[in-house]
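Common to both upcoming complexes is chain A, partnered first by chain B, then by chain C.
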Partner chain A sequence: MFLAELGSAFLLASFVLAVLSGVAGVVAGRGGDLTLARVARRAFYAAALGLVGASGTLLTALLSHDFVIAYVFEHSDRSLSLPLTAAAFYGGQEGSLLYWALLLALMGSVAVAAAAVSNPGTTAFANAVLAGIVGFFLLVMVFVASPFALLSGTPTDGLGLNPLLRDGGMLIHPPFQLAGYSAFGVPFAFAIAALLSGRDDAAWVAQTRRYALVAWGLQSAGLTLGMWWAYHVLGWGGYFGWDPVENAALMPWLATTAYIHSAQVQERRGTLRAWNFGLVIAAFLLSVLGTFVVRSGILPSVHTFAVSPLGTWFFGFLVASVAISGGALARRSGRLRSPQPVDASPSREGAFLLQNILLVALTAAVLWGTLLPLISGMTGRTLVVGAAYYERVSAPLLVAVLALLAVGPLLPWQRVRGGWLRLLRWPLAAAGVTLAGLVAAGVRQPGALVALPLVAAGLVTCLLEYGRVAVLARRLAGPLPLAAARVVARNRRRYGAYLAHVGILVVAAGLVGSHVWQQSRQVILLPGQSVTVGSHTLTYEGMAAQPAGDHSALVARLAMGDETLEPARLTYPSLGGQALTHVAIRSSPFEDVYVVLAGADGGAAAFTVYVNPLVTWIWVGGALLILGVLLGNLVRPEVERERVPAGLGATVPAR
Partner chain B sequence: MTWVLATMLLAVAAPFVLWPLLARPPAEPRSPRTGAPRHREGG
Partner chain C sequence: MTLLKWLGLGAVVAACLGYLVVSATGSSAEYYQTIAEMRAHPASGDVRVLGIVQDDVSRTDGGLHVRFTAADAGQTMPVDYRGALPDIFRPGIQVVVDGRVGSDGVFHARALEAKCPSRFSSAQSQGTPTR
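Here is the complex of A and B:
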């Protein structure tokens, strides 16, 4: 009981402080009152501290099984392991709101503290926007959906966590995904602040780009881990189903991918100013839209465990956010006209612009597909698009993006001088050799014949860039690997970006391979019978029932060569007999054998067996991409300019 | 109880939050005639 009161008090105090911070921030920003700006910042820090207190209280309540708190009762029970009990913190509606607000308050505090040193005026507005967003979440938690609401009595045990969430993935996917969503608030706040304060020059781009990269990196991790989890837990043989909630996570990621590239055009050439504001704002609005879609349950989704009556609140918040950002953008639109348009001729900025158009088109297509049931439903006839729509629309756009990954980094800024072919000879050669190799190997699928040569070309382009490291390193004293590491370390933004490119290309190869060459069979087998899929033969040996703590499991045994695969079906009697599939996967670098136990009747068992080529590449590529973000932009933020070690007298030419 | 605890928490936070205002030196008296700080006025 005391924990509930304490947690509610922390939330209430944080709400008051967030309101104070927001009001003080606006007044300070408008009047240029630096003292009031400091008060606003301190109120924001204190609100963040209050959220830390509330989160600590909720964790304590979960771990001490304080079932008088409705949230603890509904999302945990005594049989849950300690890590999953702690993970129930963000496993339900109210807890995930608290987690979101906590992360935004902490990230916002760091961003505001860092920016206030150099730019206190603009930061006061950013502070106000951040306080507004955190304040909204606190408002909802204090007055509508409190994580500390009490039951009338104290039950002896809780209802437990949704079986789908009782998995190791629960410990890693939601924290990153929610962190990504909340992180989009930070670049948004600084973009709106730049518009409100009139300091909409290139400085805001430099300031915002890093926060956008943090959000992008977190969202990349969230998406990759989400796909990994879906692949391992949902048992349909795939990893991305174009579910509205998955789309909602993808859209802000796409918009921010566009922004982190177009920001460079503004930094270098001073153009795309309004466009960049639009992308940062769109990423945040799309993340709020995503939350609205998840929470409202207005669209059918696999994430139905998150549905709640909060949809209306988030819709209101979305409308308010659109109005504020649209108003701020419209007010400054006259000033944001670029002094010169982007040159349409082949150039680095031209490639960035084309990439932006492709990504925005893809975002728009995904948005249309996601919202179509909602929009068409208003006319009385609900239309739904399936995976085929998304694949048909996204395939040509993604192929064009792959081509740009191969070509763009080799183009100089402003304009190509000299021959095209000479510049692109190595990637073109790689694409040609790969195409010939694929044809010779008997590959006839158009998707693979188009995409994989482009992947090879893109990888060669990245290798060429890394090859320049070796050239520069040779000029330095000391062992070559050490010298190369020094060159990379001093140009980490550039080489981090290329590592992210390598990651994306590896992911693309994985997507293409698993999509084009997937094989599957559905069979019913008696013990001793076999099924062959691709080059793998699996023999069903039998079934065993294994009771576990909170569930019972039916485990099938299939022999595959020397190995045994054991797909299972878990049943949770305490949760109304809910059943969960436990997929058996044998992974190798080039293909996964993926077995789902679909059902059992007497001695017979129904299986779906998939052979999924190159799926491992998706996880490896995702890891490389995140490593690239970490290497390039987060570790040493002060290293901005591209340069080689002192004494060399040369800067890495920015082509 | 919640309101009491919240008020106590706010009371703890108040000195930290409001310190910049409390520590701000009082505004220098200004001349009603010229608007300049008073010490610059004079003979």
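Here is the complex of A and C:
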């Protein structure tokens, strides 16, 4: 009881402070009142502290099993392990709103504190926007969906967590995904602030790019972990189903991928200003749209979330965000004319712009597929598209992006002088050799024959960039490895980015391989019988029943060479007989053997056996990508001094 | 001139995208209907239908072949499905079946998806008034 009141008090105080901070921020930004700007900042920090307090209270309530609080009752029970009990913090509707607001308030505080030093005027507006977003979440929590709502009595135990979610994945995927979603608010706030204050200079690009990278890194981690979790737990042999909830997470990631590339064109050449604003704003709006879709249950999705009144609130928030962004962009559209358009000739910036066009096209196609049920629903008959639609549309666009990944980094800025075929000779050779090798190995699938040579070309391009380290290092004094490390450290951002490229290419190889060469069979086996899938023969040895606690388990034993695979099926009588599959996976660098126990019938057992090539590459590539983001940006990189065209005014500023 | 070239390129990409989207939508879009709508407007191809699994689930072939009745808004429909079932499949949950009604009057599903027990409401709490 006490905890609920304390938590509600924290939320109410935070709400009042956020509103205060928002109003003060707008007034300070308009009037240039630096004292008021400081008041706005401090109110925002205090609101963040209030959210820390509310979060601590909710965690305490969960860990002390305070079941009088409805949220604790609905999302945990006494049998749940300590980490999963703590994970219930973000595991439910109300708690996830609190987690979201908390992260945005903390990241926003750091961003505002850092930016206020150099540019207090613009920062006042960013502060106001951030306070507005955090304030919206607090409004919802205070008045509609409070994590601290009380039950009329105190139950002795809670309802617990669905067994599907009682998994290590619950501890790692949702926190990153929600953090990614919430982080898109920070670059958005600085974009709106720059539009409102009319100061969209180089400092703005540097700041916004950094915040966008944080959001992008978090979202990359969330997507990778989500795919990993789905693959290991759900037992359908795949990792991404193009469900609206998954698309909702993908779209802001695509838009931000475009932005972190086009931001470099603005840094170097001072162009693409309006376009960049558009991308940052679009990423945020897509994340809000995604949240609206996820929380309202308005689209047919396999992930149904409890139908709640939150849909209307998020729709209102989306409309308000669109109106504010549109208004701010329209007001400044005249000033955003770029001093010099990007040449339409082969050049680095040309490659960036083409990549942007392709990624925006892909985002639009995903958005169309996701919203089709809503659009067609207005005519009376609801249409839906499945994975086939997304694969057909995205494959050509992704192939074009892969080609750019191989070509773009080798093109010089502004214009290619001399033969550009000469520039591209190594990746072209790698693509040719790979293609010949694949054909010689008997590969005939067009998808693999197009995509894998491009992946090889891209990898060679990245290798060439790393090769330049050695060339540069030889000019420095000292032993070569040390000098090379210094070169990399000095150009952290560049080499971090190329590591991320390598990650993307490894992911691409994994996606292509698992798509083109996946094999699967559904079989019913008696003990002693075998099934062969690909080059693997599995022999069913027998089944054992293992009763345990609140469930009973059927564990099948299959021999594969000298290994034993043990897929299992758990049944929870207390949950109306819900079953839970434990997939047996044998991973190797080149293929996974993935066995699902589909059911048992007398002495016979039904299995689905998949051979999934190169799936491990997706996880490795995702890890490399995130490592690249971390290496490139963990510490503030030194300024890159390299062939910056004079007079364009858009160099990398010191802060 | 430069701007014109970019606009041209953008138009080419937009045209390709338009073609891709239209053709892919046309070839893979399906109607998503309730049982009543499906009966009122029979579609020529596959459709997706939402229903609640009733108690008459019968599983054969080690669980790889299932027959049950799906119900929604007072209408019912027999469903026949071959394949691995989602973990949470059991009477009382919502499923989306993808397929068509055969000449036997049974809906032959080529795909069956169960609605996830959302992380936002545990399976037990659904329908339990707590506030």
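The criterion applied here is as follows: the second predicted complex is superposed on the first by the 631 of 655 C-alpha atoms of A that agree within 3 Å, B and C clash if a C-alpha of one lies under 4 Å from a C-alpha of the other, contacts with A are read in each partner's own complex, and residues count from 1 in each chain.
In this section, a contact is a pair of C-beta atoms (placed from the backbone, for glycine too) under 8 Å apart; a residue touches a chain by one contact, two chains touch by 3 or more.
All values derive from a computational prediction rather than experimental measurement.
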### Message
With both complexes superposed on chain A, which partner does A:A364 reach: first (chain B), second (chain C), both or neither?
### Response
second
### Message
A:A9 in the overlay: touching chain B, chain C, both, or neither? Say first, second, both or neither.
### Response
first
### Message
Quick check for you: in the superposed arrangement, does A:A149 touch first (chain B), second (chain C), both or neither?
### Response
second
### Task
Once the structures are superposed on A, label A:M227 by its partner contacts, choosing first (chain B), second (chain C), both or neither.
neither
### Message
So in the superposed three-chain picture, is A:V407 touching just chain B, just chain C, both, or none of them (first/second/both/neither)?
### Response
neither
### Query
Can A:A258 be said to touch chain B (first), chain C (second), both, or neither?
neither
### Query
Which partner reaches more residues of chain A, chain B or chain C?
C
### Query
Taking the superposition as given, does A:L354 touch the first partner, chain B, the second, chain C, both, or neither?
second
### Message
Between chain B and chain C, whom does A:L17 touch in the aligned arrangement: first, second, both, or neither?
### Response
first
### Task
Return first, second, both or neither, reflecting whether A:L372 touches chain B, chain C, both chains, or no partner chain.
second
#### Entry: Overlapping contact positions on chain A, where the chain C interface meets the chain B interface
none
### Message
Per the contact definition, I'd like the list of chain A residues that touch chain B in the complex.
### Response
5-6, 8-10, 12-13, 16-17, 20, 35-36, 38-39, 42-43, 46, 49-50, 53
### In the complex with chain A, residue positions of chain C that touch it
2-3, 5-6, 9-10, 13-14, 16-17, 20-21, 23-25, 27-33, 37, 41, 48, 50, 59-64, 83-92, 94, 96, 98, 113-126, 128, 130-131
### Task
Write out the stretch or stretches of chain B touching chain A in their complex.
1-6, 8-10, 13, 16-21, 24
### Query
What does chain A use to touch chain C in their complex?
70, 73-75, 91-93, 96, 149, 151, 159-162, 164-165, 170, 174, 234-236, 300, 302-306, 341-344, 353-354, 357-358, 361, 364-365, 368-369, 372-373, 376, 381-386, 388-389, 392-393, 396-397, 522, 524, 575-581, 596, 598-601, 604-606, 608
